[in-house]
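Order as written gives the chain letters A, B and C; numbering starts at 1 within each chain.
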Amino acid sequence: MELKRLEAVIEAILFTMGEAVELERIAAAIDHDEETTKKIIRNMMDQYESEERGIKIIELESAFQMCTKQEMYESIIKIAHIPKKHVLTDVLLETLSIIAYKQPITKQEIEAIRGVKCDHAVNKLVEYNLACEIGRLDAPGRPILFGTTEEFLRSFGIQSLEDLPVVHPEKVEDFKLEAEEEIQLKLDI
Amino acid sequence: MELKRLEAVIEAILFTMGEAVELERIAAAIDHDEETTKKIIRNMMDQYESEERGIKIIELESAFQMCTKQEMYESIIKIAHIPKKHVLTDVLLETLSIIAYKQPITKQEIEAIRGVKCDHAVNKLVEYNLACEIGRLDAPGRPILFGTTEEFLRSFGIQSLEDLPVVHPEKVEDFKLEAEEEIQLKLDI
Amino acid sequence: MSISFKLEAFEGPLDLLLHLIDKNKINIYDIPIVEITEQYLEYIQNMQTKDLDLMSEFLVMAATLINIKSKMLLPKDETKNETEEDPRQELVERLLEYKMYKYISVELKDRELDAARIFFKESTIPKEIEEYKEDVNVSDLLSDLTLAKLHKIFESVVKKQVDKIDPIRSKFGTIEKEEINLSTKINEIQEYGIKNKSFSFRGLLEKQANKMEIIVTFLGILELMKIGQVIISQDNLFEDIQITFIADRIAEFDESIVLN
């Protein structure tokens, strides 16, 4: 392999690994002895340093690691300061409403209601501190029970879950009637 | 900031974050509008591609991510641990193709095309983070609408949904001609 | 004609139909419905699967084919001026669409192989920067969500769940809960068959207590035909079907075939 190609391979390896990689392993990967490999990497270090680049290679004992240059920190902090816009998607809203009304509830039960997996949604709600674990169900596998948090109550300005608007049983009856009518329509065709 | 410096910052950001970073956030970090930022990144993509480098930048809808070049694969697997990939069966692939082309689409619509139940396939695709819920259809029962994810684009090397493989009209014509020639031998009713 | 492979290899009814069309080298736009229907039915008869859901999907397709076949055999209605649509049209469209997605999924698979050759990197945010991470602001998150809205969302979730329940079938509450075991029913039919040798299909169904039992009995007859325990005959269209038990002993059935 010609030098340029070897450099590319080393760049790819250091990038993927992220952490420090021992010289020995890099040498084995490019099929050259350690002495030659070290020379190639040192040469690369100079290149990264002299060119206007965002990344560089550092040497640690007999290992090498790729990292960002110090002077880039300020700009990277900006990215951290402009976090991804957190929004409550429809999926999250539905899941939250089910947890609020049906708590304590397991993921499996939420899935049964919505008909789709809910791991991601529940995890997000936990991350946002709107839902949390409130125990374990006494059943095989002891699944986690979820409920809403104090933060949830505070956000809606309510004292307790009893303050949640009530879902009237008649309403559910209405839904059933509607559904029956819809089916009847289908059968009439 | 001059161009070289901006490029260095973007390189540092993409390197540090590892994940796909939205154009919007990069633009905010380098303090330029999105149009200009996109031009700069596209130009960087060309540079990485043409120079003998181990890494490159890929575009995923309106986000960018840094990764290794394909031709580095053989060398990298000597060192890096390969993340376990989900094996996609033909059923999953077919279902995924339908979702990709027809999104937003409901389970019922997928079933109509494939002629078989698709609950299991869709749930698996959601679990693998290749498909996700993107809303509800405004129809009786408010069925869930599914679409593809960023991970889908990444896993299949697709820049954007416009970049999906297409069946060329000539190909369809070929299918037809082939069949027509062969039918001469068969009796029709 | 011997069937050299198992039907389970097919993903579904369209898959099987495509295979038959492929095998016969037939133009998809011009399916000789009679031939294909016969081959299709032959495959279904040889089906090894015990998955009733899957089986019923294949049967629906068979019924569709027979429906088209019968429409094509009927004389054209001369009184109608407008040109009638070829009954095969819809089927052809479905097949073509399915074929297209099958083709695309192969393309996608190819791309996946390529894409799997690139590596990404874990995010390695330096400590100094990590500390700058902002917490998620819950009140911003919930800014336009009111209790009333949350309540409405829950109602629509409940509505969706109710919609999923078939109000007609759900009224068979007590019957549904009762498990009717297909293998038990099959054995009953076999015992009946050994005693009576030849019996009426209609008569057999009339002996059943409810709709679910009738369905299970019907499935049982299909199953017995499949394994060659019985043969059926019918003199004329819409007449009663005569079932003849031709085996000399009762075939064993897997207890796992249970219909809920």
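FYI, a contact is a pair of C-beta atoms (placed from the backbone, for glycine too) under 8 Å apart; a residue touches a chain by one contact, two chains touch by 3 or more.
Worth saying up front: this structure is predicted, and the values here are computed from it rather than measured.
Chain nearest the geometric middle of the protein is B, using mean C-alpha positions.
With centres computed as the average of Cα coordinates, no chain lies farther from chain A than C. Highest C-beta contact pair count among chain pairs: B-C. The geometric centre of chain A is 37 Å away from that of chain C, both derived from CA atoms.
If you average the Cα atoms of chain B and of chain C, the two centres end up 31 Å apart. Per-chain CA centroids place chain A at a distance of 18 Å from chain B. Multi-chain contact residues, meaning those touching two or more other chains, occur in chain C at positions 119-122, 124-126, 129, 159, 163-164. In chain B, the residues that reach two or more other chains under the touch definition are 15-18, 66, 68-69, 72, 76, 80, 140.
Of all the residues in chain B, the ones that touch chain A in their complex are 4-5, 7-13, 15-18, 21-22, 25-26, 28-30, 52-55, 66, 68-69, 72, 75-76, 78-80, 122-123, 126-127, 132-133, 135-136, 140, 144. Here chain A touches chain C in the complex through residues 12, 15-16, 18, 67-68, 73, 76-77, 80-81, 83, 86-88, 93-94, 96-98, 100-101, 113-115, 127-130, 151, 155-156, 158, 163-165, 167, 171-172, 175-176, 178-180, 182-183, going by the rule given at the top.
Against chain B, the residues of chain C that register as touching in their complex are 11-15, 24-30, 32-35, 53-54, 57, 61, 72, 94, 97-109, 111-112, 114-126, 129, 156, 159-160, 163-164.
Of all the residues in chain C, the ones that touch chain A in their complex are 119-122, 124-126, 128-130, 132-134, 136-142, 145-148, 150-151, 153-155, 157-159, 161-168.
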